[in-house]
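Notes for the one structure printed next.
As written, the chain order gives the labels A, B, C, D, E and F, with residue 1 at the start of each chain.
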């Protein structure tokens, strides 16, 4: 029977490690890396095993405390959540190498607090993707939020202000979500998602269900920074300590998008969600606007990290739009993009971390000639940039492919155009940087010899995960077919 | 008219909760003082708690602590006991609320240290400079 | 704020003998009540969370009436940290042990394998265990919150 | 800004009130919320857990997973507050 | 449940909430918020949610208010709105 | 024709891609590095050549790399059109490699390792385009080619190179993402497949309006073909070192664009489908305009390389024009011109580079009397230009002749006039250079005497000029391939 608890160990391993880090880290700082990485390796191994089990035996339903489902809290690990579990632990593991290094530099003496919050955040994310209970989801959402408030506020300068903004926006989001859950509860009398899905079709309360859905969605949109509710995100992620940004930026928004998919697929039926064509196309329009605006705002930034945060905002538009296209291709693209975007963002934020570790800033002007100082880092950056632009065979291309295909199929040309335009803007954005880093300082139109600026790569701990991620971008791209056949196509409901 | 009045009377708790929620929500997005925003957040949360607790109320219901022996015998009429589930949920929500408040207050102190004020517009002015 | 404190010192606001004595007398009873609330959560309103807050409040009261040093004498920072971690660890640990001995996560009746009390009794006892964990964690964290927020993290002087 | 906030607030409030249209009357023992899950808790909780305080029983056992995370939330809050304010101590 | 008391408390609660966000002195606002929490706690107790009421009494009216006061004393009482 | 599964096409692509690694590793030993380059080029040519008999025999090769999207794998398929392009590209790469060694060493250029490595990646992408089995694979390699040539275009790393590099990427990436990608997706959404199929995959599935939209998107989407108004990058990219210009902008990159258009017209949209919707007019109109305008602009250019660049823009349109012809013979001419022009134009670029290496002269007005100092170079230049003009004893004649026949065959007499006029223009912008070089007086004060470029430069250009001539006499294989490609029984 113990093997059926495997997914619980995935969640518990970072959680327990967090407590140990908190206690032990006060006395011996050297134990922290081992604990962090060890627990995440365990979690990753467990997650892989869970995914394998799910592929073999189908979705796993589990009730905490051994109560029959609507009474106890049910956890559901299906193909989608198994995949997310692997994604989260993998990204967290890769990011933690870099975080260990940058926290050592930026927050000396506070490592144990940092990594306590960090590990709990990961545990919370793991819990989020497994849960099948609407209220449990709220609690876990708050765990991830509170830990990220803390992590972000640990930064310097404007970080507390950004964190406070995030607290206010995040609380509004969580409260809205809770209101939605409350409405669902009063209508159906249950909190279990599968149970709600069972009851809803027989329920004659169109107004209240629509209101509940609206609040659930708006709440999650705030949390995922869907334009125009994105205000908190750029500041929060660009002022956070580097180590926090590296992990939070790839995962937080993506997991929230996952939650949206989960609610749409497991709590409501697709017929409910896509019932009103006006609302559906309205959201796709909003997503198109989000994509364009996010990209344009990214254009105005003078700092690499800030630019990336605005790109995240645009990418959220991709996913929300893809989901609300209401066809299989759009949904496939959106789910695929969750994975791809997490990896791409991770790659780029790792680059940012490496550069910050070496030269303390990622202002665009400071990137001049970086190809000579940090060639490997910039090579990885180039691959990440290609993925963002959507150059095959990097993974970014394939999700974009499905999204555009979905747009074409649904006849939402504005979404297609937005995707293409944003790809183009991304191309300009990233090539501006690549050019800057490739050419270095041009004084009087002449190129300066870069013999003076010697190679100065970041250390092993920062570089190796970066390389791994860059390779992953291509591997995942080439493995798109496998991913879709074995995982994503099984998630999409029939008749879709 | 009669119907509307009846509607209001039947659901006056919801009205109050909506009003409280609006007060809190307005404070969160409309007030410039950061502490006020935070107080607004707390009011918002209590409003939601009020809403949830209201859902668990049964007319003529008693508090959800039962007599152990009649419980064991299984002779309790569920209609006479208030629904305990919303209470449980709201206990959690209160804890979450106070946790967020604590973190926010700590962050506020850092902000005050940095900018010497808690007014949003004054802070933004200082940031821009 | 500094002025306020100066004023308070001049007027000896916090130094009232009545308050000090009253607090000194009250604190043990408050703590006892807190423990009662935790333990008696099965039968009356209350439980780990409320009891923990009350226990925490007793230390906060000490820090309010005297100063932070006094409250440190009753509970040092290190003890606080250990208790906080211990509280959370009890809860998670109970859940994990349930899973490790062959049941599901947080399925207290599975603990019957270790000490055979009967599954239902174990559920009751398991609830008690986790309530104690919650109580410990909440107490120490509440005190920690107060210490830090009221002293801006310096942990030197209270309000 | 303030008018905008007021507007948003009023919209949200109106929407919420509008949503209550389909709700069962307040305090109705037969409403779904009161008749679907809660009778089982009320009738069987004592037999299954030997805890007469239903809230404690549900909190500690049926929804113990929530409560575990509730503890973790407050624990996180403590750690976050310390780590956020700790910077001040060294200065 | 007595609806007159219910109504009275509800009115008071709304008044307290309004006062909390309008009072210019933050310390005052925090104290009024404590009162608000306490009234809420009464309301819930009267609705039969004793555990919630107990928690709100200890947390909302107790710890929260103390934390607010602590933070406000450490920062500033001044508020422009 | 049943394609057999074979890993050789993949190897042909991988060999230069992986070859970049030893090249990068032997950074400090130039001789070793250059040996690698030559070795890889030879091996690659051999592999490609070994695939030829099978294709001529009527058998294709197929290899699936990965099943990335359901129904659309990344797949290599060798057919007549592909092998023709691959042969030309890998054959000329060998010469370019040799030439590059001479050129780069003579000028003592910086960052030669990066140069050779990028070159290796670029050629492997080119072969990828040639061997692509479906549109997605082709798009993949197309993008790879764009990106791998960026370091080559900006090799000089000065402000001018930066500006041109920016222009290059803006045009190429902008059109491929902005136009070709949506077109590809619309095709997929309509047809449900992207496999290259003779006769097209959209027959009966798309309305004429959709076909027109797709055609326009594809035509301009593959901006490497340099159709006006997306030709601007080509002259700008001439800041690159001459071997780059010669190979990439005479052979690989631009031909990749034209090749992509061929693929789309022949195997996606289908010539018959286009004709039935009367859409080939679009192709021919765009091509004709480009042809005439580019030739006229070329007349006004003084910089040798810019003149060659505009000439390239014009010549590419010949091929596109061929694709738009009604008769199969015309299309045959277009396909053959791909090879013929490659030989001719690479000779011309080699010559321009050799002139620069030997005398540091870039402008035509400075070249008075230079032919007497560099007779071999200019003789080769003469041959190359004759081939491009389309004079009989050279390869270019054959393709142009077929084009002319095609216009008559299909009754497109307007195009006949366009072809004749443009040939005159070709002569008008090439022959004066030769005339100046041989017959005009050298400016006073300039030293006289025999001064050719280094042997490494000279030999390749002689060989390609010779090749251009040989193609006139021994064009059977080429003709066979082209016939198979356009579907005429040989």
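Keep in mind that, in the parts below, a contact is a pair of C-beta atoms (placed from the backbone, for glycine too) under 8 Å apart; a residue touches a chain by one contact, two chains touch by 3 or more.
Fair warning: this is a prediction, and the values are worked out from it, not measured in the lab.
The minimal number of chain-to-chain contact steps leading from subunit A to subunit E is 2. Touching subunit E and subunit F together: no chain.
Of all chains, the one whose CA centroid is most distant from that of subunit E is F. Of all chains, the one whose Cα centroid sits at the greatest distance from that of subunit C is F.
If you compare B-E with C-E, the chain pair joined by more contacting C-beta pairs is B-E. In terms of their C-alpha centroids, the spacing between subunit B and subunit F amounts to 70 Å.
A separation of 9 Å divides the Cα centre of subunit B from that of subunit D.
Averaged C-alpha coordinates put the centre of subunit A at 29 Å from the centre of subunit B. Each chain gets a centre from the mean of its Cα atoms; for subunit C and subunit F, those two points are 78 Å apart.
Residue positions 43-45, 47, 49, 85, 88, 92, 95, 105-106, 108, 138, 145, 148-149, 152-153 of subunit C are each in touch with at least two other chains. Residue positions of subunit B touching 2 or more other chains: 12-13, 19, 21, 25-26, 29, 54-57, 59, 61, 63-65, 68, 85-87, 89, 91-92, 95-96, 98-100, 102-103, 105-110, 113.
Shared interface positions of subunit F, i.e. residues touching 2 or more other chains, are not present.
Of all the residues in subunit F, the ones that touch subunit A in their complex are 65-70, 73-74, 136, 139-140, 143-144, 147, 151, 154, 156-160, 162, 165-166, 169-170, 173-174, 177-178, 181-182, 185-186, 188-189.
Within the complex, the subunit D residues that touch subunit B are 1-2, 5-6, 8-10, 12-13, 16-17, 20, 23, 25-29, 31, 33-34, 37-39, 41-47, 50, 52-55, 57-59, 63, 66-67, 70, 73-74, 76-78, 80-81, 84-85, 87-88. Note for the complex: subunit D touches subunit C at residues 47-53, 55-57, 59-61, 64-65, 67-68, 70-72, 74-75, 77-78, 81-82, 84-89. Within the complex formed with subunit D, the subunit C residues making contact are 41-45, 47, 49, 84-85, 87-88, 91-92, 95, 105-106, 108, 120-121, 123-124, 126-127, 130-131, 133-134, 137-138, 140-141, 144-145, 148-149, 152-155.
The residues of subunit A lying in touch with subunit F in their complex are 386, 389-393, 398, 401-402, 404-405, 408-409, 416, 420-421, 423-424, 427-428, 431, 435, 438-439, 442, 445-447, 477-482, 484-485, 489.
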